[in-house]
Amino acid sequence: MDYTKQIQEIASKLFAEGKIDVFVGYRLTGFDENQVPVLIRDQKDVSQLVFNDRSVFNLVNYLKYEHTRNKRVGLVVKGCDSRSLNLLLTESQVKRDKLYVVGIACEGVVDEQGNKMQNCMECVFPDAIVADEMLGTPHEVRKYKVNADIDELASKGLVDRRVYFEEVFENCIRCNACRHSCPLCYCAKCCIDQETATLYNGANTTSGAFHALMTWSLHLAGRCVDCRNCEKACPSHLPLHLLHKWNERVIYENFQEHLAGVHEGDRGAFYKYSMQDPDDFIM
Amino acid sequence: MEAVANNQLVSIEKPEIVAPPNWEPVIIGILCNWCSYAGSDLTGTSRIQYPPNIRIIRVPCSSRVDPWFLIKSLQTTADGVLVSGCHPGDCHYISGNYYARRRFLVTKKLLNFVGFHEDRIQFSWVSAAEGPKFAKVVAKVTEDIKKLGPLHLYKKENFEK
Amino acid sequence: MARVGVFVCFCGANIADFVDVPKVVEEAKRIREVKFAIDYKYMCSDPGQQQIRDAITQYRLTSIVVAACSPRMHEKTFRKALSDAGMNPYLLEVANIREHSSWVHQKDKKAATEKASDLVRMAVAKSIANEQLHEISVPVTKRALVIGGGIAGIQAALDIADARIPVVLVEKSPSIGGKMAQLDETFPTLDCSQCILTPKMVDVASHPYIELIPYAEVLELEGFVGNYKAKIRKKASYVNFKTCTGCGTCWQKCPVKVPNEYNMGIDKRKAIYTPFPQAVPNKPVIDAAHCTMLTKGKCGICAKVCEKGSIDYKMQDEIIEREIGAVVVATGYDLWDPKPYEEYGVGRFKDIITSLEFERMVSANGPTNGVPVRPSDGKVPKNVVFIKCIGSRDEAKGIEYCSKICCMYTTKHTILLHHKVHDSHAYVFYMDIRAAGKGYEEFVKKAQVDTAATYLRGRVSKIYKKGDKLIVRGEDAQIGQVVEVVADLVVLATAVIPPKDNPDLARLLGVSYDKYGYMSEAHPKLRPVETAKAGIFLAGCTQAPKDIPDTVAQASACAAKVCGIFSGDTMKKDPMISTVNNEYCTGCQNCVKVCPYGAIVTEEVPMGHGSKEMRTVAKINEGVCQGCGSCVAVCRSMAISLAGFTDLQIINEIVSI
Amino acid sequence: MKKVTYFPGCSAHGTSEEFDMTVKMVMKSLDVQMEEIPDWNCCGATSAHSLSETLAYALPLRNLVLAEKLDNATMAIPCASCYQRLKVTKVHMDDNPELARKINSTVIDEGTYKGKVAVKSMLQYCYEDIGLEAIKSKVTKSLAGMKLACYYGCLLTRPKNITHFDSPEYPMSMDHIVEALGAKATEFDYKTECCGASFSISDTEVVINLSSQILEMARESGAHAIVVACPLCQSNLDMRQPDIEKHTGKKINLPIFYFTQLMALAFGMSQKDMMFNKHIVPVEGALANIGKIEPEPEKVKKPRKAVEAESEVE
């Protein structure tokens, strides 16, 4: 999977036609084969752009910052990224007519060690759902399946899970990198930082991390697209996807197989309801 | 789903701290104004007795209950939480409890996933006419939580009253 | 620093017997913010309230906690006490130590006392976060919209207009009158329907406070109680009502014949027509689907014969707008199509008719001049079988509910048959006779004696043809045998159903409706004429099947409700509603999606102070918001807060236990 | 060439041999290949479902499981009782997978039930899958002149939520088929009335009473014969006719045809193969009407203005 040339051509053409002000893509770090996001503002810089299976980050995140706000943006999205873009469109955070989206039919990306990312192996929508132009061969329809690690953890005892997560929350340093890297965390002021929430608990403690991460994962429940920007950003290497994937599984299995960002206009599982929703857990 | 998840998640939370003698759990009851709060008032006017551990908070509708309240409760004062609203279809605000129901399920499962026993958070539909049911629900929740013992998980110990 | 006053009530012995009240006061005094605490025998009594008033001024209290009975009981009383002392009434919190403590923990005084103390502490914590709130006043447009010009709409419009409030009455068909105009006589008094209805119709047309818009429909309703804006489409009538004198030359000369809806298609009307002779307004309209001038461009006779030149073939639909403050929905009912009753041969046998067809036949101004005839051969029937509950109470073929009026009108029909055809005999197959109402049972009894009709309790299983007669086979459950009746005519009492477009209208108005399509009232017993949407009321069969007296009563009730809304220039509203903090709002509009009342809209605000760049934020419409808090819980950025139940107030309660 | 799975049922090898025979002839001429279910068993009608629920489901289920091995989309059943049992079983099994598993376990040796074969009566198969046009195209000897009352009996179209075929009270599919053959279907109100077949042995008087009404109504409708699609209807109405005539003292003389017999007749096949000799009521009188076309009676002028949907110009 290498679309470097195509993407350079597309970006160059877009600049030449004056269709975009900025292009969000990937460039090499300069010291190894890994990549970092880059914002290209001029046609002469497009040669920096690359795209291959090391293009891991979800660039949709960059739509929430001032560099791109109210500008005409060209953007590369993989399948998972496009779902988060879909949610941003639905939640009126970006305007479709200001975007030029290069969609990728993604073959899966690899981590820094060169191993295929776990979320790519379980990916349900590898092809970009929102796109003006598609690169790559579209995939056949895949079926949702529960992650193996979720299954494993869920099948452990309650005490084991408690011990496991106690360690997770203990190791959280409340740096909020997860939040900053998440394309769907675009609030002007995060609720965790607001006075009401901090009044009784703002401290960097296990308890505070529990409170912050629980609230965060519930705000992403039914919306998280499993792009794993948060995990890549986390300096403590916390397995944050476990919380999201667990919620995703509960929601998928209980609420008419809901998956986040698949349909335009679908805000997430908490913003709709069905008469058939499970009721047996309520007395 | 219920069957699978429940099978996997059944295991007893072992109290690490043995409950001190005469320990009584604190249970927070968040009740919607139109059905469950009225139902709990009816329990009172009918003089139906139930365990005194529950502390009731009134909200307009079960849809007002942010999952965050439940997290906050468990993290600070409560050993268990009961949220109660109108029966499906009876919501005073037309559809509030349908939205709430979804959030409740996910919250319950998530807290269970990270190590809270299922019985720490319970939900019920109690109508304004179901005074006896409210007493039964409270008795059950209290009994469940007494069995589990005090909650210490993620408690903020130096909390200022 | 907050200064809270705590007032603990004995409630006679109700609280004091099971809760150690002085101890609760003592505990309350230990709370830092509590500057004053006292107990009293009856806090709700005037001396009790006086203590609160006195303490407020004496101790400069900033919020008040009353520990007594349920807030559902006396919250208003104590709020008034605060008000009287010059304090904002919403600074009150009630700790419910009676229903939630003394009455339910009567065996354990210690625990009950502890719990009461906790409840007081929670209330104190909450009250610290209480804010001064003020009743919201919403301006009111004093004009009512009545949708539907049947007897319900007519009555509501007249009652509202008589209170000197302007009314816009919108009717779908060319004339008001509705189903009642099709009836001959009405049960249980056998008043002539036309004689009691037409004067009211004329009143509507001539009332200075009523604007009658016939041949029109409501397209859109936006806004909220007191401030609605309705878009109404006036369908093209192709006749200039201003110049038309209603002389009738046009329809006499019109060559196109169309089945007459008013007479259930038994006879024909013309393509230019007034629905019936007493129509109001008594001006003709052109039926565009059938007029050959409009469909094929040939004819034009009506325009030629009209002396006033009122015919305008080029007329277009017109959309008008009216600002209104309240709506009465009175769209009436339809009748169920009995086609699924194939075992009766419905559709194959011409001599099976519906009750409304029978009603038109026996009506003095009907197509057969008041004499019932067999549609197959025009002969006057001698043996007539009436079958009740066609579609009603029939889960398999029709609907589950009882249509309520069929028992009575079938009884009426046996009388009318007896009057019109003296040597006739009526057979009535029935499931039950439901004659609950003033004079109803007496009416049925008298009819049974006078007409000597044969009442057979049981369902009809089959109707078949033998020669020119219909053989009706059914069960007579009282003798436990199958009976067969040789009938000349069979009359089916078909079920009452809501009009087909009721759900569409309900959605347009933002009103909920049930599985059948009837619009739903706010509460089945205590708010039977209101909908859950403030300012929209229901009259007549649009809510459920009803007879004329009930319909008129409900219409008048609607009028009273509308007049209530319009009693002042503004409306007062509880201030416990949501507000948006624009600074934090991201404009994701999840709140818009979950609001059950459509109370949330969006607005554009500058990006920052003085910025030209705009961004979208949510905006709550004060008049519509009912304060459920759905929006608050879905607002991830915590930009919305619900007055009286803010996050801070609830968290304060949680952490103070 | 169409293919269809065939479940003959026990009566096809006994009282209704002529039905079985003509079905095979007609299908062959319509270019439909019939594959009989190998090793089929009793459908369990009446006796099984009045005794044991499990047995009542298990017997038809075995047939359904066997039918799935043939790999045809549809199964056609001439006998209305067999059809009823198999269809009821299919619907209940499809609606309730739990029950299906339970019942399937009793006949698991034959395989697992998947629910992929549609169950249809022979009438339904002819009407829906073959179609009137195909039938019409094969007619070489029109039955014009013949007036027929189509009798469906109780089970072919009922209950509606099981059969999902035609109207439960006034079906018309067979009427359309005989009209496609050139004959005239009379307006017959008793087409779904009970013939009393289940009392055939235990209380003959009930049968005589009920069947006589059916026959009388058919006669009154002007029919020369009755057409049926069920072996029980046929045997009941045919066999009991002499008794009924004796009982009521009225001559009826209505032969009872299977609709496939008439199809075969109209398709120009030899009368010998149709086994008319097995009929109790002689058929010759009725068949003699073929070709005798009566002039249409003049329409009676309606005294009252009729209700018409379209507008008319005077």
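Letters are used for the chains, namely A, B, C and D, taken in the order the chains are written, and counting of residues starts over at 1 for each.
Just so we're on the same page, a residue touches a chain if its C-beta (ideal position, glycine included) is under 8 Å from a C-beta of that chain, and two chains touch if they have at least 3 such contacts.
Quick caveat: nothing in here was measured; it's all calculated off a predicted structure.
Each of B-C and A-C has its own count of C-beta contacts, and the greater count is at B-C. Each chain gets one centre point, the mean of its Cα atoms, and the points for chain B and chain C are 37 Å apart. Rounded to whole angstrom, the centroid-to-centroid distance between chain A and chain C, based on C-alpha atoms, equals 47 Å. Rounded to a whole number, the gap between the C-alpha centres of chain A and chain B is 33 angstrom.
If you average the Cα atoms of chain B and of chain D, the two centres end up 62 Å apart.
Counting only residues that touch two or more partner chains, chain B has 68, 72, 76, 95, 99, 103, 159. Each of the following residues of chain A touches two or more other chains: 191, 197, 200, 270-271.
The set of touching chain pairs reads A-B, A-C, B-C, C-D, using the touch definition from the header. Remark: chain A residues 153-155, 157-159, 161-166, 169, 191, 197, 200-201, 205-208, 210-211, 214-215, 217-218, 221-222, 243, 246-247, 250-251, 253-255, 269-271, 273-275, 277-283 touch chain B in the complex. Of all residues in chain D, those touching chain C in their complex are 167-170, 187, 189-190, 192-193, 217, 220, 302-305, 307-309, 311-314.
Within the complex formed with chain A, the chain B residues making contact are 1-2, 4-5, 8-9, 11-14, 67-68, 71-72, 75-76, 88, 95, 98-99, 101-117, 122-125, 137, 140, 153-156, 159. Interface residues of chain C facing chain A in the complex, by the touch rule stated above, are 583-590, 593-594, 613, 616, 634, 636-638, 646-648, 651, 655. Listing the residues of chain A that touch chain C in their complex gives 70, 91-93, 186-191, 194-197, 199-200, 219, 267, 270-272.
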